[in-house]
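Shared between the two complexes below is subunit A, which has subunit B as its partner in the first and subunit C in the second.
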Partner chain A sequence: MSSLNASLATALSGLEAEQGSIAATTNNVANVNTPGYSREEPVLVTSDPVVLTPLTFGTGVTLQSVESIRDPLLESQIQQQTQAQGQFSTLTSALQQTQVNFTASTSDIGTAISNFFDSINQLSTNPSDLSLRQGVLTAAGNLATSFNSTANNLTQQRSSLDLSVVQAVNQVNQLTQQIAQLNGQISNLQNLGESAGTFVDQRTQAIDQLSALVDVSVIPSDKSLTLTTTNGSPLVVGQQSFQLQTQSNLSGLHDIYSQGADITSQITSGQLGGTLQARDQQIPAVQTQLDSLASGLATAVNTVQAGGFDLNGVAGTNLFNPSPVSGVGAAASLSVAITDPSLIAASSDGSVGSNGNAEQLYALNSQPVVSGHTPTNYYSSIVFNVGNDVANASAEQSASALVLQQLNDQRSSVSGVSLDEEAADLVRYQDAYAASAQVVIAINDMMNATIAMPTLTG
Partner chain B sequence: MAAASTRQSGLRVQFNDPDLKRMMPADSITTAARELLPGRLVLMRELEASLAGSRKALLALDLEDIERGTRDQVGLIRALETTGTSAEASSLRGLPPSMAEELRRCEAGVLQEARLQAALLARAQRKLRILANMLADPSLSYEFLFSKPGAQAHIL
Partner chain C sequence: MRVNPNPLPDILAAVAQTRQQINTDNQQIATGLSVNVPSDNPAAAAVLVQNADQTSQADQFQRSIGSIQGEVQNADSTLSSVITSLQQAISLGVEGANGTLNAADRAALVTEVEGIQSQLLSLANLSYQGNYVFAGTATQTAPYVLNPSSPSGVTYVGNTGVNSITLGNHFTLKTNLPGSQLFSSASTDLFKSIQDLITGLQTNTGISTAVTEIGSASSAIDSQRAFYGNALNQLNSQQTYLSSETTELAQQQNTVAGADLTAVISNLSTSETSLQATLTTIGQTAHVNLFSYLK
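Our next item is the complex of A and B:
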């Protein structure tokens, strides 16, 4: 038969368990506004019973653990969308800066092309007029300057994005170090059988921050966590972090290395992915198109020039300095080759009054001289492509933001603290504590009564 | 013509919007424009609103609402086709600046909403694929399925 002491121990286990539960509720209430905090719930289990044949007596309750409430599927989705949002917000911002170069203005390339052909058209009305010839040279100079400044702006933008790459890699390294340390703390606590909820919350927040920077795969194990990039390069394995390194390549931009391997092209998500996409794909594509336009236009103009005669009746020379053979850097290096307006080959037969070649120069405006397109149409397609890329990146960013908002709301409903629920739990635990205390008082009375009983001797 | 098509798709489109008529004085525009443009503008506005309305369904993965929205949008696009192309509408002679501006705004709005819709659809598709895999085998690790937009689900 159970003794009064055993009953007292059972009542005390109830007091301890309810105290622990109240502590968990108190911590929940205290963290109601803490970002990233996951609600804690006490896990109560029945203590092992004592068997005194033929009877079995319960021995009370044990507070087995205090568990943080999380949904791993939700966490994974949030990390995925955080990566996408980081990628597209960076890409949108970079492309918007690129787009500024193509906004219609008095000095944009489109206007400069138009002004250049207008000046040739005017020259064809009076080919011997030196002021009109000077007008063509000025317009050609403005056109070259437009190409130069746009190309230089794009190169500068790539350099500044390159700086962002180095900064982002440093941030990634700081975070992976922090996560490795948290892995250690979590593992130590779990080995002692204690709750590591607070550290797990901190780790989840750090992983969220890391996800905004780079594409991360999270591989949970028993008491730890492994993080890799999506292509499998290790970032954190247990308590060890693996640093990413940056190294300048031949073009002066930084590549990213993991364990000695170049993983630059494999990073596709997060801020780092968006920055690399803009630096290595989108902006170079625009630069290549600009180079094609500059090279095609300069070559076509020079070819027509060579077929005509200048004001002195001499065969025409190049109006623009020839573009590099490869075409690379043509926009940045475009320049006017002549300073003497009389050298413009407006005449088709060597006579002073002839405007045949000026008309041929003007006709280039409507001829497919750049990859099968007229100069104006080719430029328009560059502007369209940049605008389209901005709109697509912006839509992707909005979609990620909407989904992320929804997922965060869901996480709040699963892991967030509801003050109403905590209030109800507090009353429940308080009542149970009071009841257990009442049992202790009753047993104490019974013990006192037992002690006060007269001794039955002889 | 446009009104008939939209009625078939179950949509109620009011082409007699007094604001639209005010924007388009009868003596300053061709007959073709007078007939086509109000309908085109109304349909554009409807399409923009329908695409915006589909967002909620896509986020909630409400398949019924997604299908309903898609049906409405297909109907509106068919009706729009009867009002000519965007280029034709913009090139109509005598188009009042306010109406041209409104048309451009609506077209830009539809494009933006359509892009957003495509991005949300891609995300919804990925999520559904993951859920289908989880239902097929609850023990399957879904971690890698989140990785990339083009990643294929592995059904065991």
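Our next item is the complex of A and C:
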């Protein structure tokens, strides 16, 4: 048969188990607002029974472990979506800055083109008038300035995006270092057979942060974790982190290297992916279109100039300085070649009052002088492209934000701390603890009663 | 399934979205436009660029019309004066052809006709805002200069250039006729006919022939004057057309990018109501949990 001492031990196991459970609850309550924290649940199991033939007695309860409740599949989906979110929100805000240059204003390129041709039409009414000629030069100057400042803004924007590339790479390196350390702590604890829940939470949090920066593939292995970029460059292998390097290239922008290999073009998502996409693809595409517009317009105007005569009856010379042959940098370098208004070749026959060539210049605004488009139509297609890029990036951003929010919801419904649950658990554990304590008191009474029994004397 | 114990991020995201909507609505109300940056509606933004260009062109055409209207009007009224002067010369010629006049009377007529001759010279050398109107495109030089050795007494030093100017998308207008065509063409030369009259009066021969010459010169100018009258009419109707085009462009701009204020204001009030309701809910429910009831 069982003994009072055995019962005392059983009651004690109850006290200990409830205390442990209350500790888990307390920790949950304390971490209710900790980002990335997964709630912990005590795992209670009945202790091995004692068999005293023919009877079997239970020996109480054991707090086997305290487990963090999480869904690894959900976590990996969150990481994926965080990458997309990082990419598109960065891209959206970069392109929104770009489109400021193409928003209708009194000094945007479209207005400057209209004003330039308007000034030529006005000159056509009185081609020998010097103030009208000066008006054309001024409008041409404004047109050049408008191209210059837009082109410079785009270059400036690429430089500042380049700065954030370098910053993002530094952040990536810090996080991978941190994750490698956490990998070490986790495997040490797991080797000791202990729960590493808190460190796993921290590592998950760090991987989430890393995912916001760069595209990451997570390859879980036994007791450890390997992280690579999607194209396979290693970031963390077990307890070792691999740093990414940045190096300035010929155009003064930074390329990203992993283990000596240039992986710049292979980084496609996360904040870094979005920044690179804006810096290396979207903004350069706009620059190229601006250059085509500037050089197409300048070349066409110069050609017509050459076919006419200025106020002195001399064949016309360039109105704009010729664009670079390659076309690259045409918008940034567009400038007016003449300062003397009498040099505008308005005349088609050398006489001062002829407006024939001014009319030819004016006609350029409805001729396909830029890649088969009129100048204004070409500009409007740039505006469309820029607007469309922003709209697309922003739509992707909203969509991924929504998905990410839903995934976080799900994670929270699996791993989040519910104060209602914790309160209820606390009541349960408290009651059970009180009951076990009462059992101890009862056994104590019984012990006392036993001790106080009169001694049998023979 | 376990309920998400922390719905606040969701609610806050919804609040942020509502606030964003309120900002957008407010901007649309302030600017009256639904397209404030290209990404609001890229296709509409592209249309707006073209619309702005066309509007700018139409405004410029109006200014250009204003600039040349004066010159054309001046040319027209000058030609009218030329015709009046020629009528006077004809009257004088008819008077001179009357056989009862003596040499002294005719000499007096010659003086009068010479007055008309110099008047015509100055009319043909009309200058408007620094440009000689009847000089072709050689507008900086007076087209007719006195030349006693010439049968007409003058020489035309202008050219035959004619300017056309674009004043609409598919509308160009010729704005001048050179003096060589108006006053001194091979068939009818105004100055020669006047010179002939003077010579006729001086010699008392061929006066009637000269009068006939002047008559045909006058009717030739009268028929050419239609060019300027016509140009003025075309300018007027183009002005009317351009202002209706400007109105249409403004309407197009409004259709493409105007904010539907009724809808925006109604959206705004819906958003504000929903924002208030959400914030109230957060305030009332977020801090309630079982711990609040444990004693």
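The definition used in the following text is that the second predicted complex is superposed on the first by the 378 of 458 C-alpha atoms of A that agree within 3 Å, B and C clash if a C-alpha of one lies under 4 Å from a C-alpha of the other, contacts with A are read in each partner's own complex, and residues count from 1 in each chain.
Following the convention adopted for this analysis, a residue touches a chain if its C-beta (ideal position, glycine included) is under 8 Å from a C-beta of that chain, and two chains touch if they have at least 3 such contacts.
Everything numeric in this text was worked out from a predicted model, so none of it was measured.
Undergrad: Check the contacts made with subunit A and report whether subunit B or subunit C touches more of its residues.
TA: Between subunit B and subunit C, the winner on subunit A residue contacts is C.
Undergrad: Looking at A:I441 after the superposition, I want to know if it touches subunit B, subunit C, both of them or none. Which is it: first, second, both, neither?
TA: neither
Undergrad: Touch check for A:A423: first (subunit B), second (subunit C), both, or neither?
TA: second
Undergrad: After the superposition on A, what does A:V314 contact: first (subunit B), second (subunit C), both or neither?
TA: It touches nothing on subunit B or subunit C.
Undergrad: Quick one: classify A:A30 as touching subunit B (first), subunit C (second), both or neither.
TA: In the superposed model, A:A30 contacts neither subunit B nor subunit C.
Undergrad: Looking at A:A391, would you say it contacts subunit B, subunit C, both, or neither? Reply first, second, both or neither.
TA: both
Undergrad: Based on the superposed arrangement, let me know which partner A:T268 touches: subunit B (first), subunit C (second), both, or neither?
TA: Once the two structures are laid over each other on A, A:T268 reaches subunit B alone.
Undergrad: Is A:L55 touching the first partner subunit B, the second partner subunit C, both, or neither of them?
TA: Neither: A:L55 stays clear of subunit B and subunit C.
Undergrad: In the superposed arrangement, which partner chain does A:L4 touch: subunit B (first), subunit C (second), both, or neither?
TA: neither
Undergrad: Per the contact definition in the header, classify A:Q77: touching subunit B only (first), subunit C only (second), both, or neither.
TA: It touches subunit B, and subunit C stays clear.
Undergrad: Quick check on the output: what are the common subunit A residues between the subunit B footprint and the subunit C footprint?
TA: Of subunit A, residues 391, 394 contact subunit B in one complex and subunit C in the other.
Undergrad: Looking at the complex, which residues from subunit C come into contact with subunit A?
TA: Those residues of subunit C that touch subunit A are 1-7, 9-10, 13, 36-43, 45-50, 52-53, 56-57, 59-61, 63-64, 67-68, 129-131, 135-140, 159, 161, 163-166, 169, 172, 289-291, 294.
Undergrad: Provide the residue numbers of subunit B that touch subunit A in the complex, in ascending order.
TA: Against subunit A, the touching part of subunit B is residues 55, 59, 111-112, 115-116, 118-120, 122-123, 127, 134, 142-144, 146-148.
Undergrad: Applying the document's contact rule, which stretches of subunit A touch subunit B when the two form their complex?
TA: Per the stated touch rule, the residues are 73, 76-77, 79-81, 215, 217-219, 230, 268-269, 391-392, 394-396, 398-400, 402-403, 406.
Undergrad: Mind listing the subunit A positions that touch subunit C in their complex?
TA: It is residues 95-96, 99-100, 102-104, 110-111, 113-115, 117-118, 121-122, 124-129, 347, 349, 351-356, 359, 362-363, 365-366, 376-377, 379-381, 383-388, 390-391, 394, 401, 405, 408-410, 412-414, 416-424, 426-427 of subunit A that touch subunit C.
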